[in-house]
């Protein structure tokens, strides 16, 4: 159920108090020599649709324009400023709520979005928003166990074994695995251990991918995808039943004198 | 050729001086009882893809989050503020240009976007942008003749005969034409002739569609769609060859002391 | 009746529900070799005062600081950014409404202001403003017929036959018609037909005027001015009687859950 | 010489390095029962024009939309926010400088503008502006001596003896001195001595004027006006000759590493 | 009583209607060769603490990050933009008020802050703030008499005899008076008499101090400090008793239709 | 070495390329019934000063005004908006760099600041800042081992055993341990496992502290404090020697076409 594919009346007839509205958020950035620039959005949108299918959630148009300063030096990256990204997230959520829907789930598909999304949650609270906002910060939060199970390599992050596996399963035509000739060269992980620096990712993932994507295959991809969907279906079902959110939020706001 | 579907290297290997980068812009708003909320984006994206196929243009992810205050009172509408809309347009164009592409075409699919897009053009000039920005303001600019040719009704605008025809041709599964029982009731077109008012559209298209969509059919839709694509292919070819833009712009900026 | 010339008490004693408050908006930009930089504001202010005389409207101080990026490369232009222009318009309208006046008419005297003013109307709606905002977008909206009647040339726009005629009639001392030696040289109207480009006006009106101003004369100017005033008097009278605006607006806002 | 009344060429042919460009700034606010709302702008504009006549300065359109929160509770006041006021001042000055003029004089006609104007000066410095910005902060800076000479009353401020005198001299038709029946009732000057409070003006000038305007007369007005013009002519002449500004500013900026 | 040193409960148990909350505001800028960069904040914080001790006021953490464009060319200066400075002042005051405290006193320790603080007062009024905001604009407002009494020199301002005296008394370890070898060289006070210019301070206090700090001594410092505290204690006591503020403000707001 | 305590010349004479400038960042929020509202800033400032003592770093005035929406419902909290907090951080860092210092270390003392600080790092990169920015995101990053060693309880976070221990050691007079009668009641940790929600902290730490602070003692506090300082001294030493930062950053920026 895509919001954009429904008629006004069909959308309006849904059970707005319980229906979970999902906003998939991707990115546009280099994913090695073999995966498409839009990998994060492409994957999270399929996951979202599959989850919606099984739970009755409604899926908003995927937001490809997101936050990727860390890979901006690689060809093809399109990033918003943090300010613009936070702003359109707020406006979209406000509009969904204005339409009567209360439960909003942001499904993040790109690691670099964690920073603005993490702040976004608190900013909405600081601004007194009344909707129940849930954010999947770490895209792979629910498949870490499955990753440990299927991964043959230790470094399987950005455009590596894991991502390549499910992209090969979901979008075989868009993957050019044959272009990967060797594991990624990696640079310095941190210039100084214990503190964050602007160089952290930039100095490390110097080729736009990590690990050895050649270890990816369709079977792993299928297993990962199914675990992903399963994990998120459970979360969405919990969200549908969640009645604590409003209770806690109401009490919180009532103690803040405006 | 979708920007998001290309690898970093494939995008980078394009002829950046001549390749036209297309941003399709839609909307999310009521389109009568029969067409999907995302009609404008769904249609303009297909048009853009077909045009790209024939011209070698690259198509960015469609922007569904756009500018629709005028239909905000109908269920399902999601609109950005003018400020946010203008800002992400600017950031996206800036990033495309930063990637080395010079010719950017905004393909607008929603009438209400004309207002902010019309300002956007001048604002980019005021800010001294160096890219060649082309905007299709009126989505149907190139098919007005074809519309006159195929339309049986006089009022064929928003979710009417024309739009319904090509949506039926392009997305038959998403159209519920059977729900249309009669022509749209229309309200007052203008409270005062000769000046614009906030009530103009709101008081007029009171049912979220106009005219009699039942006059729509697949054959008309095919004819309209093909004329649309043909008209835009011609435009894109002209854009590819256009060398005057930079010349005029350079002279203009050179006379402005910054 | 100028707002600035009234005492506080005199203004306060007006019938605020029906009195139309007019904001004349001009520009500061080159108007050929013969007309003053402030032409648009000078003319629209006289028009506004004459209309006020006949209708009891109140006229605010003319806004000369407006939106002219398209002529910024010509000596003498002063333009605001779109953002600043929209903002002071909003603050002025808000203050007028705060003073109890409900009917606000923006009389635009400069073509280039159409872009921001067109957006302004929707932005005020999006922000839920309660005043009845009317905008004369095209300065010559009500005299197109009269123009067809008196004009001897086909290209009579910016600083051309029409404008020069009424400026000669209204401000003979400020016009230097003798400096015009020949019709304006014109450049390329559009780099690509069918789409808007930043070059459109810049590449066309390369001398800061169009057509042949030498065809202008006082008689035409008088006819044009009188038609202008007459047309606007009719509009202001309709605005005074308009009761539909609030009705439509109230219903619109009531359907938007805030 | 009004900027708006000059043609593009006439303005362009001025000696830009030495010509002083004057921006008169007024207000729209209650001035007792007898003076017009626009008093501050009306007066300072006449002063500016007279000064320009004698010095060759160029006068920009008067800014009536200015900063008056302190009289906002009186009918007729129109004020901008501090933010908007500062912004358009900056944009106007930037445009004047972009046109090649270097010496900009803000002639303030309204006491309440002192607060934002005082900050404006430093903000332009903080932003590294290169123009020579001069601000007459206190409108009566140059006539304090003359005031002491002609005034019969001690409290002669806002809409009192002084202002009423020169308004009666300059705009006899707009003054309704007969409406003043007695000296203004005054409230508490300060709630707490030694610190500023939001109540300071509001609690004091409770009738929108101070002192006894009935002491005003045309003769005093003429004397005040002539002293005003004379004082400002001297200032403008000094500004024309001032070469220290650039020298000091250049050294200042050179020491700030950007 | 420092806000930051109290527990949540202890703060909460105070008489919020009468307790005065003090925000000391300093600066970071050159104070001659002999005084520390943070002089203004260091001094005003001690003053605030001493005043609080005697009046029961609560002191917020000192704001060292303030407004110093005028000394930005001297090593060590840290200044905020006017916009940022105004914004955090507003947010801090809003939060104090949200906590239930009504009387807020900004104790300014730096002359250059007068400009933004002066605007801040009116901006809070324009925004309809309900708290009683008191601002000590001129740091030495209450000790001008004492200064006249103890000062041996005529020019005793920035880092001069006065400031050096009380710093020597309060922070002997941070003062390097031995580095002052002679009175400060001073530049041009004003490029043009009668108007403000960006060069005014910059061209004058060219060595980052004025006058002859060698005239400073601990005895004078003690006298000045004690007068300062005494003067402010009286003010704070008046603020505690002030009931007029709310009355005037309520009436003012009630007359402004929002 | 406090920046604010140095004279202009003393600061200026430091080795700017290698000197690390530390900005301690705290918060103002409830810390149980026993610890002061400013705990985070008080502690991190002492840590910073001790680290500076041993490394030659310079310490800026502690920023107490930070980001605490999550405890805003408890008496005493003062929080900035995310936008304002990010802005003053940027302006402070810019000013430090403008003064010639390159290595800037933000020492965060409050868990809730992690969200905005995490975004801040990437935003500075997106804006092309040239300074070497290091951020201690998690205040206890370097003492997790020591915590495991000394803590007797499992839940030792906000105002719990750990924080209370070092506060008792560093600020015995400000701690009211006797007010703690029992371990904190805790609420629901997460309304839905696997996703973030606005209720997460609010619903959990319902008494403004966690765990059993009565397990705190001075000995643990001393051990924790010393480990903290030791860990940070090592980090600062590494920062002083770090030459990779510029290299990586330069290459990154060189690949981004602006």
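By letter and in written order, the chains are A, B, C, D, E and F; residue numbering begins at 1 in each of them.
One rule holds in what follows: a contact is a pair of C-beta atoms (placed from the backbone, for glycine too) under 8 Å apart; a residue touches a chain by one contact, two chains touch by 3 or more.
Please read these numbers as outputs of a predicted model, since none were measured by experiment.
**Student:** Taking the mean of the CA coordinates per chain, how far is chain C from chain E in Å?
**Tutor:** So the centre of chain C lies 49 Å away from the centre of chain E.
**Student:** Which integer distance in Å separates the CA centroid of chain B from that of chain C?
**Tutor:** So the centre of chain B lies 28 Å away from the centre of chain C.
**Student:** Enumerate the residues of chain B that touch no fewer than two other chains.
**Tutor:** If we look for residues of chain B contacting two or more partner chains, we find 74, 79, 81, 99, 256.
**Student:** Quick one: label the inter-chain contact graph as line, ring, star, complete or other.
**Tutor:** Here the contact pattern is something else, fitting no line, ring, star or complete shape.
**Student:** Taking all chains into account, which pairs touch?
**Tutor:** Per the contact definition above, the touching pairs are A-B, A-C, A-E, A-F, B-C, B-D, B-F, C-D, C-E, D-E, D-F, E-F.
**Student:** Sort out for me which residues of chain B touch chain C in the complex.
**Tutor:** Counting only chain B, the residues touching chain C are 67, 69-70, 72-74, 79, 81-83, 105, 112, 114-116, 118-119, 121-126, 129, 132-137, 141-142, 187-188, 191-199, 202-203, 231, 234-235, 238-239, 242, 244-245, 248-249, 251-253, 255-256.
**Student:** Mind listing the chain D positions that touch chain F in their complex?
**Tutor:** 256-258
**Student:** Looking at the complex, which residues from chain C come into contact with chain E?
**Tutor:** Going through chain C, the ones touching chain E are 98-100.
**Student:** Which of the residues in chain C come into contact with chain D in the complex?
**Tutor:** 2-9, 11-12, 28-38, 41-42, 60-65, 74-81, 84, 87-88, 91-92, 95-96, 99, 174, 176, 179, 208
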